[in-house]
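For reference, the structure discussed in these notes is given below.
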Amino acid sequence: MALAAGARVQARALLRPWSRVPSAAPGRTPAAGGGGPGARCFGSPRVLVEPDPAAGVAVMKLRKPPVNSLSLELLTELVISLEKLENDKSFQGVIITSDSPGIFSAGLDLMEMCGRDPAHYAEYWKAMQELWLRLYLSHLVLICAVNGVSPAGGCLLALSCDYRILADNPKYTIGLNETQLGIVAPFWFADTLVNTIGHRAAERALQLGLLFPPAEALQVGIVDQVVPEDQVQSTARSVMAQWLAVPDHARQLTKNLMRKATADRLLKQRDADIQNFVSFISRDSIQKSLHVYIEKLQKKKG
Amino acid sequence: MALAAGARVQARALLRPWSRVPSAAPGRTPAAGGGGPGARCFGSPRVLVEPDPAAGVAVMKLRKPPVNSLSLELLTELVISLEKLENDKSFQGVIITSDSPGIFSAGLDLMEMCGRDPAHYAEYWKAMQELWLRLYLSHLVLICAVNGVSPAGGCLLALSCDYRILADNPKYTIGLNETQLGIVAPFWFADTLVNTIGHRAAERALQLGLLFPPAEALQVGIVDQVVPEDQVQSTARSVMAQWLAVPDHARQLTKNLMRKATADRLLKQRDADIQNFVSFISRDSIQKSLHVYIEKLQKKKG
Amino acid sequence: MALAAGARVQARALLRPWSRVPSAAPGRTPAAGGGGPGARCFGSPRVLVEPDPAAGVAVMKLRKPPVNSLSLELLTELVISLEKLENDKSFQGVIITSDSPGIFSAGLDLMEMCGRDPAHYAEYWKAMQELWLRLYLSHLVLICAVNGVSPAGGCLLALSCDYRILADNPKYTIGLNETQLGIVAPFWFADTLVNTIGHRAAERALQLGLLFPPAEALQVGIVDQVVPEDQVQSTARSVMAQWLAVPDHARQLTKNLMRKATADRLLKQRDADIQNFVSFISRDSIQKSLHVYIEKLQKKKG
């Protein structure tokens, strides 16, 4: 597949900060990852990877406090982590979750979209496309353990997996709420939502920028399961076991059969989509809105 | 957009009968419409428009007794009213409803399709296409307050809006029941239904020509909400307020993103679709069926 | 339509074994079929046809014990039976069911796919395509009375009909479970499932190779109705009456409108699809898997 040669080069340039990091799960015996006799946590500064090669599974945790916003660095590290796991035959499945329960991911990083030059916007958007393409077509089984609020790009991350489990907390809403911020979800965000909840529900959710609390999220089908907060990770493990019981090659081909046309729509107009994003985000009116919004967020924190 | 130059010319020719008319809502203070300090009802003979510029909303009422059949004149006046509201920046939303509770609209006007010449059929069908294209892609928020029975073309009108509220009366059925009359819903009617209730439900409903009573209509998703009959208009108002709270430009672009491909399918083969309609409706067998059906209806009335 | 000239020739070559056979329904008065004054059962060795020309309906029963696997002969006889009923104006509808309650159909016949030469695989696959195209676009109303387990190709048969009634027996599961056997459902199997249960449910069901027991089958929409086992045939009759009450020509055109694009996808790449099948099934690894699987099945029986 001709995915993002550019982003890959960039990813490699980032390999230097890549390093093994101590496991966040105390009491768990760390061992050598990547097909070795045991598993040691590894990852990059913003993505913690806890491998369990015996099970063929790794847990990938977003770790960019405070809200796991999808900065260029986080996007790139996510692509690298995923690529690394895909190239390691020890792994058939990945559980994606947040290292900061309460926030799965706040979505696109407004700081990457405000006050920068067009070349930066283009690089940023290409990285966003790359992550989606990688996730959506990954031959790995991807289970999303949504352990926190998940708007916009955070929701897209979840939608790009094979199965979504949401913690049953009324604060943990999920949805593509771009219109509420005065922006428009790109067509491939919309396609991914339509493929998940159907055309009508997607049309309404996208126009209104709806964020669904757990019960509604389950009903509309934006997540597959809602479980008590302390059971999200264990449920993800059992669901993963069910998916890994399927002959892997047949499952991979079937996934590709179901998703290729949607991914191809972006691949065929990838540069145009980048140009659209750059010219949209560069508009004075949008820059002003983002600026106001960021200031509001910063006051809220302060 | 290159919509219906022909129908527009015709619409302008009809502008002469256009006139301010007394409001049908007694007790409401009439005031100047169109962005002025207040609102006065206006409209055309068959379409009553009650503007509320303070709220950014107008109510558009079909007024072609006894059954609001979509005659060429009604279609043209609907297009003109909509165009007028779209060009007036005071309005962001329109509630479409019937001035004759009990009948939302009986759909296509059989009198326009029976015993006329091909040029008339072509003109009529072009006007029908034009209304659908206008409604389906309108940048205004369109809420349909379905306060009566709504078969065939009446149902299409409702499906072309952004949200549908049906009065909870078992007589108020809604659906594309063309096959029951021995005719076939055109592909863009079918597309609109598929986009609303999905492929399988649409396939079954279209083949059987199903008319759904309120509970079933809600379950299959052909309407979004069912409320007691006396709450249809007030519910439409509150739903409208929810939709108008979304930043308007982002919502408009999102609506276009979701609907453009479906509208383009018709735009790309608009003339062929007209030719299909003309040759289908001109068939002796169809003319005979329509004739018999019209006589039956007239006896029923008499 | 330019369907399967090849398969037709072959079908004609099989016409010799075609013969009237005694009815399997004792107590029912056999009479002359095909529009005659009454109805006599007819059919071919593997397809029993019980005509009821007075009702305009025939019941077509799969009769290839023990599991109604879709051998080349069964596929060909099904196509011939269907063609015969389509060409006989006495019939507007067909109820498809199994002559061996407990098994609707086990799907593709592994014996046709194992240890044969490429020419045979190609012939077999063309016959499978032909059956699907015939069923999916049939102008007859097809009601499927699913009176037994219905995996893979058996499920496809059911999905290609207009309405599916499943006997309420927890053993009677239905689904496209190809991945569980290490193979991949072809794109037109997937398209048919997507058209029935939507993209998301199809994606999950296909990846996991899910077989749905009755309650789940109804909920996901892979069948339209679940009834007690002894009411499957009578329910099929009443549902058929509802469908036959619709003006036939309008219903046929509407069915074609809804299904043509999906059928065309296969027609446009029919040869490529055959080549894909032949090269996939000819692989050593697949041949070995099938061999092991067949041996396991045979031991199970013995």
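Letters A, B and C mark the chains as written, and numbering starts fresh at 1 in each.
The working rule: a residue touches a chain if its C-beta (ideal position, glycine included) is under 8 Å from a C-beta of that chain, and two chains touch if they have at least 3 such contacts.
Predicted model only: the values in this text are computed from it and were never measured.
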Joint neighbours of chain B and chain A, given as chain labels: C
Superposition of chain A upon chain C: rotation angle, C-alpha, nearest 5 degrees: 120
Cα-centroid distance, chain B relative to chain C, in whole angstrom: 41
Chain C: positions in contact with at least two other chains: 198
Of all residues in chain C, those that touch chain B in their complex: 162-163, 194-198, 221, 224, 242-243, 246-247, 249-251, 253-255, 257-259
Sites on chain B touched by chain C in the complex: 178-185, 187, 190, 198-200, 202-204, 206-209
